[in-house]
Amino acid sequence: MKRIAVFTSGGDAPGMNAAVRAVVRAATGKGIEVVGIMRGFQGMIEGDMRLLGPRDVANTIQRGGTILLTARSKDFRNPEGRAKAAEQLKKWDIDGVVCVGGDGSFHGAHYLHEEHGIKVVGLPGTIDNDLYGTDYTIGYFTAVDTALDCIDKLRDTGASHERIFVVEVMGRHAGFIALDVGIASGAEEVLIPEHPMPIEEVIQTLKESEAKGKKSSFIIVAEGYPGGGQGVQDAIEGAGFESRLTILGHVQRGGSPKAEDRILASRLGEAAVCALQDGKSDVMLGVTNHEISFTPLADTWEKRKDVNAHLRSCVKTLSV
Amino acid sequence: MKRIAVFTSGGDAPGMNAAVRAVVRAATGKGIEVVGIMRGFQGMIEGDMRLLGPRDVANTIQRGGTILLTARSKDFRNPEGRAKAAEQLKKWDIDGVVCVGGDGSFHGAHYLHEEHGIKVVGLPGTIDNDLYGTDYTIGYFTAVDTALDCIDKLRDTGASHERIFVVEVMGRHAGFIALDVGIASGAEEVLIPEHPMPIEEVIQTLKESEAKGKKSSFIIVAEGYPGGGQGVQDAIEGAGFESRLTILGHVQRGGSPKAEDRILASRLGEAAVCALQDGKSDVMLGVTNHEISFTPLADTWEKRKDVNAHLRSCVKTLSV
Amino acid sequence: MKRIAVFTSGGDAPGMNAAVRAVVRAATGKGIEVVGIMRGFQGMIEGDMRLLGPRDVANTIQRGGTILLTARSKDFRNPEGRAKAAEQLKKWDIDGVVCVGGDGSFHGAHYLHEEHGIKVVGLPGTIDNDLYGTDYTIGYFTAVDTALDCIDKLRDTGASHERIFVVEVMGRHAGFIALDVGIASGAEEVLIPEHPMPIEEVIQTLKESEAKGKKSSFIIVAEGYPGGGQGVQDAIEGAGFESRLTILGHVQRGGSPKAEDRILASRLGEAAVCALQDGKSDVMLGVTNHEISFTPLADTWEKRKDVNAHLRSCVKTLSV
Amino acid sequence: MKRIAVFTSGGDAPGMNAAVRAVVRAATGKGIEVVGIMRGFQGMIEGDMRLLGPRDVANTIQRGGTILLTARSKDFRNPEGRAKAAEQLKKWDIDGVVCVGGDGSFHGAHYLHEEHGIKVVGLPGTIDNDLYGTDYTIGYFTAVDTALDCIDKLRDTGASHERIFVVEVMGRHAGFIALDVGIASGAEEVLIPEHPMPIEEVIQTLKESEAKGKKSSFIIVAEGYPGGGQGVQDAIEGAGFESRLTILGHVQRGGSPKAEDRILASRLGEAAVCALQDGKSDVMLGVTNHEISFTPLADTWEKRKDVNAHLRSCVKTLSV
């Protein structure tokens, strides 16, 4: 193996730069060249690439976002687009590809392997942590701490005004962020798409809290919960509870990555180079019980991992 | 003077606790007792008060929100409510009152002075900085840095995806936060209620940026700008620019106060005790050109201070 | 079981309050009363205790330090002191005890079990992560991110001045913090007590970096590495490399706990109450591969866990 | 004026990049080219320069350190070195120079004006705030908040262990940081070089605090106070008080600049271009009472500004 490529795809996540840096540094140490592909699959099709040396990724480990940029690509959805991409990779003499992204991006990577025999490994880069085959995804820890930091600030106001706050956090299909943030902020309720508690129960809890004299309450809502944060606010206001809604939004995507995300990204980036050297392809690398693990790319969108059951049970127990 | 009272009123702001702490400590050092009134004017009417010693305010200087809580009071809007409040103050042998809040709260404080001859001084406590008679208000510095921190995170995503972000910050009547945050984040446009730039100009700027190849743009909108953040997004999307809207909301009110807010609050709290001792009443204390200044309470809602003209001109100059 | 006690002991760690809160809330939900013992074993001997209800721990989950305080106790080192402590626990009708601390504190807890038949469980509360029987300890994640945040700041100066920085982080007996921080900050070398690299190798690396034109380098030193940060600086200056030494010190102990520490503490606090109900004693609760695990207290000081081997190998690979 | 140069010099300070960015953007908007000089005076002598366009400074406003690097230059201390520097400036057709740094750097800039008739203006870039002619210096606000953040963390431990902490902050010749941080952290004593309180008074205060039952105390020491932090610790331990010493060190120089530093730097950068256009030279630009002010460079090292007297008096008043 003489030259590999790396790119980031889908929504950006803090730690993506740490992953790219690790790929570049690990490969360089083994005498392998690295090509950075700009703007995901779209840049692959257009041949928007450049060689990356160890100095090109210096001082990037602490940066949010992705220096390789990311973009949606309509062209890659049809076989002609993908053929063009494969052609570019051949033109650049690329022997293997590292794709950092979520399951949508892995779908694309899988096609490169299937249709064009290109060796490709995936690294889980998404703040949502909703990927089967890894305990955590790159960006998840930072997103949780960012959301928590915001809620800690809201709590100052909530406590001062004795108010109910509804806070919508990211997670279109998964409640990982909501659950972690809910436990860590001491929220009264956590509403997630996987186990959608009926809104009537939420209202019941608020009534009980009111009866107990609790005047400030937090309800954390994953965006994928039916109706989202807005729906929840509408329902509880309908039941007579005044509340404030905050939608944290894209703030959760950014910021300098926390240590855990940088470490995860660094380990996975290093392991990705080894995996390509070992001839692996069509797999996602993850960390499972502290060790590097491999999962067929298809499993990442066909199988689901669930939130921790103990954590779920703790929400109720700890908000008495 | 043997005993004074202190309370916080209106929206909470980071640094209110530092002000209360300074009042308690400065008064205690002079042999004056301090009574803390809970929940603003409503607690004053209800006699919800307690003596505060120096240890009661230990470890509060770094806390957001207000340990004295704050609430709206309908009762205080009519003379009977205010008479009850005045009665409570007399019952508690209170010789002077320190009110930490915004111009709405100062209105109430002014009535106590006018209708019941109670000595009262105001301290500017609001994140919006929209009070005549002081260069800065308690909470303003923290709100600006909190908003900036969020926008720095959005920028990671904005730069990675080459997107336009519309960000609404607080400021119902004033653009201080928006302008400071706009300069500090390097925003392309800052839209404020005092000098409302026509939306057509904003669209023109976006077109020019596009022509220059600038792909990521930030537009900071004070909530008091006509239409708010939502109105701006609608308008620019109508002109063909895809964008993301983030409404920062109540997050800006909370958090541990920054040094500048704690220092401002500490100085003002200390000076408030001296002012009451000197027989001052019906005035707000502020800091003007680094020195303590006094302004009739009525001026704080009748007069206006404008944003810095040099700063305004810098927005255009620095976003080329 | 009608009443249990909880205390914090040894060095304070961020998340201790979250653990105490979880014990109080989980017990209350089961109809068990909770007594908080102040100042660790010393307060136990002196009977410095008080009942804690759910509201007493409200708004503590985000606070650093420990609301129960902590102190060293000479008296507890001899049997008479421990007999007094046991007497106090009986006087207060305490059926079980939760001890949050490190292995030194668990030693004391073990004696209470051995000598006085008191049911006692330990929760791992130390920033060093050097406890056998749990993947992570309460406070560890926060300490790592605090140290990393400081090093990110030093890097700004290091990069601007093209300098070598030696940074000593906490870890008297273990290199967990140093290794995580080293990977996450992209340090050139990480020196830890468990696998002490000879200082000659460090100097060799600096020479190679210099030859490659790398002008800013970071060397992370655990305080338990022979000679500590000062020893390392002396050695490399002796070899002709100018450098700056920063000893991060106690800053690493404080701060609002990160999400991961709050979650770990919340889970362990809840599980501790269940464990005491189940009749468990003389064990430490931990989290191993995401599930609650139990380890005899004696194992926590007799056995050792090692740092992750993959991580260690990554230091060299990623700093080319 | 067709082309100007900008460089950073002396210790780096957060906000230097914002100043460079403002110079580049403001000049470009007026049709003036900007050359960035690398590594301060040394790079000037060596001709280590490059043209900077608006895109070269994109995404730098939030970065700590200085993208232009900084270094000490022995060569510039003698007339030959300065002659070479002047020659390089002529070779590059530079009509005016902006120097961002402290009084040492301004000394150098002054020589360029005196000896070689080069138009040069200074911008105050130092975390210490010890420059006559401006209310604040670029980097000061960030350094204060960084130090405060560290002390807030130490306080968690100080309060939990009931300990005395001695904290040394930056300020070789000035107590601005120490005083601001002392007030903002609620410290018991603040020791600064300008008004050096005898150590006996400090010990007296500790004895009084002890008598009042205050168990956790903070003493903030500017590094320029006689003996520094170490001297203070030695003295109070000699008087029988156990304490912990923390030297914050270079951490205070780094980090993403706070809003106030970015705004100050942006205004000054813009104004520097206007000043050069107006034919000004040998002056430092500052902000005095919110407006741009001009001060002869020589005044910056010959005159002194003092700390705020009201603030000083507040230390004692507020730590009762």
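Every chain is named by a letter (A, B, C and D) in the order it is written, and numbering of its residues begins at 1.
Just so we're on the same page, a residue touches a chain if its C-beta (ideal position, glycine included) is under 8 Å from a C-beta of that chain, and two chains touch if they have at least 3 such contacts.
Chain identities (UniProt): A, B, C, D = ATP-dependent 6-phosphofructokinase.
Quantities reported herein were computed from a predicted structural model and do not represent experimental measurements.
Colleague: Regarding the chain B and chain D pair, does the interface count as same (over half of residue numbers shared) or different (under half shared)?
Modeller: Interface between chain B and chain D is built from largely the same residues.
Colleague: If every chain is reduced to the average of its C-alpha atoms, which one ends up farthest from chain C?
Modeller: With centres defined by C-alpha atoms, farthest from chain C sits B.
Colleague: Roughly how far is chain A from chain D, going centre to centre by Cα mean, in whole Å?
Modeller: 39
Colleague: Where the centres are mean C-alpha positions, what is the separation of chain A from chain C, in Å?
Modeller: Spacing between the chain centres: roughly 28 Å.
Colleague: Return the residues of chain D touching two or more other chains; collapse runs of consecutive numbers into ranges.
Modeller: Touching at least two other chains: 152, 155, 159.
Colleague: Which of line, ring, star, complete and other names the graph you get from chains that touch?
Modeller: ring
Colleague: Going by the contact rule set out above, which residues of chain C touch chain A in the complex?
Modeller: The touching residues are 21-22, 25-26, 28-29, 54, 59, 61-62, 135, 141, 144-145, 148, 152, 155, 159, 180-181, 183-186, 256, 258-260, 262-263, 266-267, 270-271, 289-292, 308, 310-311, 314, 317-320.
Colleague: For the complex, which residues does chain D have touching chain C?
Modeller: 8, 11-12, 14, 63-66, 69-71, 146, 150, 152-157, 159-162, 165, 244, 246-255
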